[in-house]
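Can you keep this structure in mind? I'll have questions shortly.
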């Protein structure tokens, strides 16, 4: 059972290992809620077959939500969404010279039929929280934990003195 | 039990009744999967107390996912996200003169701690599909239905002749 | 009476204590005119109930103008405007990767019925001056002081040699 | 005394008579609160002397707030702000091909020392409301009226059925 | 041999049949040079397996250049580029509310290793011409024809009287 | 007569002395052609009367072209153009957080009747060259000098080895 | 001498005859000042040799100022500026889907050494006025006429009643 | 024959020698495939005659593809495309203050008849790869090499551990 706990429920994938400093914040958010996750580098453009296979097999392997971060013409989240019925959270990353504006549009402006749940540019931590909320839809205790987390960040803000 | 079926699982809220032609597409998507929903006009700016109360009570009333559509300085999705632990899907709407660019940024660029799952500008139908996927995380049959839907739209594209 | 003088007339609120280096410039502007103010961290998204309560009670506590600064999907000014009849001045802040373009649109593009008096990105000092002008509408001496200030900055420019 | 009532408290100026269909909405907002106003065409670029004289004499003539609407390289609000200590509300207008993005930036991005209280692109009605709020800072009854107006628009939204 | 001539050398693919009015202009350009082509609807997001198979088999089937048109988060050109060594020409299409700015960035901002030869928004005719030029690199007569075409459009411009 | 030579033909004005490092490049360009100029800090917003007087008297004082540089809601060039029949060259400056995009639009998007000859963001050197070309319209020798300058920069490029 | 009067002083060139409805406004402006001009279709991309020859010979033929209008990747003004020492006025045109934003940047952002005097998007009338001002630098009577024109448009604005 | 091998097939031109650090990445990409190339500084604006002559003679000298990199109002690729029937690859460079947005639009938004194959901002390496793919259209072995390269970068990604 302890082992079962470590079967990842959330996959965090990124187009390049240079995205890790931002994308690991998604794992940090999941850790706060003891939600097991796996991190992986997969590129929609350089490893398309692996990206497809990864997405197709994810549900069977127990993954419930996929978080995908990519920069520039950020296709990763959409490419995964094309291959699985699982909900996909997209994190636009600010690589290249356009400050992430390209990645934001390439992630969020998905066509009818294939949504990607997009968060802010660089918003990997929030992507992790959103995954918790999504898992919480079928797990009341987890959603209660998220409620408690919201209470905590509320207290943190109220404690600030300026 | 028939009654239970009609208890809405998804709330579709919008800042103005002029948003209905777009936002009802979310309901149409949910209908395809027999997911019961409710539609409501609530404004983050004109009815803030009602917006807060609506979000705070939503989980208790059985709502599992909230879809919020708004234009311009689109605060509705974020304002609801501030008041509930439920996942919020934001639909930026293209009202006003900036083509929805304002609504997109005001919806997606949420601060750390309070994510909004944002879809494309005017993407209410996809918001409905995303709600189905999110509900499917805790309901394998619904997720199977979504998988079947993906198969169907694949067939629709393949049937196109040009 | 000395005490009365220190009852704040202007509230300067910000979404995060990291906004203080910019937002305290509003207080510096007010200080030039001996207008008492208070500074406070309140988040539209992380402390929504406190934000609502703060705005609702502000007039009663003697506040006449509220200055609100926030970055990214900057909802703070609009959220306060939703809860009080006092005039709200919004300061878009350049946090995140979009240089404050997101905050500008999220602050200024308010819907019909709920205006926010928006100043430049990072324009907290000008927000303080605008508050002085607004207070001056009902206080001729203060408006005279502002006139004198304008004369002073005119002289400062004229003294520049290049 | 009836006469005194009709002495305008708010000036609504615009760069061109083609701006009237939008800018008269400011007058409509003021009318709801029985705040007398005057409308005038003045161009910062084509009638700069008149614009300067108008702003310089406004306070003396009893004007308390000036609303200025202009499109493209919208200098009118800033040009008036340069010439008077009265608060200036700027309304960026969507003339020309850039959808008002030029007017927004030319109105809101004012330098240190000379703020313009900017509202949404085309937001003349809100400019009128903001003028009411500003006048209300020194006139509690007017501010109470504005509070009542907010209650009314809240009721209007709540009455919407979708 | 006549048959051989009709074996398509260029594939024109598009994400939706609604893109046909623009994308058939690529075929019109190719027709001017008697370059045989095929048109096909394939979606990177709705038919990802078919898109992959199509790109993987294209070279073997005799295709030398692929032109791909898509709107919004336009992934089609990049998705094909990921699956074949053939040169891919991307045509960003102006569907949705952002005037094709999203499609332009999603098409052109490709990561290192996987280029897409991008033309103007809606520039399907130029995409056809570019395919002719690319084929002309290994076919001097075709390149001569393109040179003659340039002479012709030069004459057309010179014949204009204003 | 030597003295007459030093009577400035071109005025270089800027909104703030912090603009000097960029704006002095205009003087450097003029120096290459021995065109006498004067530099001055004048603000459209902080010294409007002086700006007006300066523009109104410029022709009489012998000034033939005015170069005006400003950042953000850059009104200086337009404000001077409103007050004189002399040609005005506008230099948008990249101060503030929007990289000069605000200054570009505020400078170039002038209304019918009052043009500003706008150069690139930060393009003060080119503004100086353009002033030389404009003076050259009535001074063939100066225009010949400019032609020689173009020959020189051509040679400079051709001498580059990579 | 009457003949001499009709020797054009200003050339108005455009990339396509479809630009004529906008570009002829430059001729209308010049007509108000009896400045003779010629209109011509030349394309930087489709007739590059003719564009070069036209610019190189313009001064010799008596042309003093060239006005060039083009849309999209608007190179015409810059291409002419590369070939002549005469001042070039660039008019960005709003063809294509980007509202003229592409043409504005492609016209104004010229590199060091080769300025283009850029006016507003679609601002052909102002381009004509600017040409008059430039010619006026060496022709006091023409500059006086322009001053009178400014007086007239001032009167036109003052006559507007709203 | 060894000599023949070193006759350049690809020309890499750039508007300024300051572009070399980015543009030499195109040569590095070509080197991986032993495709000989030449690098050259030519400016569309400062050496227009040389740019024209270079493009006109390129095919005769054995060049098959031209890669052109430029920043700001980046006309170089288009200016070369106007003068030759060879395919032109454009690399927008991020010089100046607009992050390369100006160069992207000035490169990609080419008019009907004169395409430029545009890659990402700063994407010189990809421009080199695209040249290889284009040459590969008439050279199966080169295209096979490119296929092998794609296999290699796939392996590189798969080897990444995070």
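In order of appearance the chains are A, B, C, D, E, F, G and H, and numbering begins at 1 in each one.
Just so we're on the same page, contacts are C-beta pairs under 8 Å (C-beta built on N, C-alpha and C of every residue); 3 or more make two chains touch, one makes a residue touch a chain.
The shown structure was predicted, so the numbers you read here are calculated from the model rather than taken from an experiment.
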Subject >> Steps in the shortest chain-to-chain touch route ending at chain H and beginning at chain G >> reply: 1
**OP:** Since chain A and chain E are copies that touch, just let me know if over half of their interface numbering is common to both, same, or not, different.
**Re:** same
**OP:** Compare the contact pairs of A-C with each of B-C, B-D or G-H and report the one sharing over half of them by residue number.
**Re:** B-D
Original post:
Which whole number of Å gives the spacing of the CA centres of chain E and chain H?
Top reply: 19
Original post:
Using mean CA coordinates as chain centres, what's the chain C-chain E distance in Å?
Top reply: 53
**OP:** With chain centres taken as the means of their Cα atoms, state the distance from chain D to chain G in Å.
**Re:** 36
Subject >> Residues of chain D whose C-beta touches two or more other chains >> reply: 16, 43, 46, 72-73, 96, 98-99, 101, 108-111, 113-114, 120-121, 150, 153
Original post:
Between which chains does touch occur?
Top reply: A-B, A-C, A-E, A-H, B-C, B-D, B-E, C-D, C-F, D-F, D-G, E-G, E-H, F-G, F-H, G-H
Subject >> Contacting residues of chain H [partner chain F, same complex] >> reply: 14, 16-17, 20, 24, 39-43, 46-47, 50, 72-73, 96-99
Subject >> Residues of chain D that touch chain C when the two form their complex >> reply: 59, 64-65, 85-87, 89, 104, 108-121, 123, 125-127, 129-130, 133-139, 143-144, 146-147, 150, 153
Subject >> Of chain F, residues touching chain D in the complex >> reply: 15-16, 43-46, 48-49, 52, 71-75, 78-79, 81-83, 96, 98, 101-102, 105-111, 113-114
Original post:
Inside the complex, what are the residues of chain F that reach chain H?
Top reply: 94, 99-101, 120-122, 150, 153-154, 156-158, 160-162
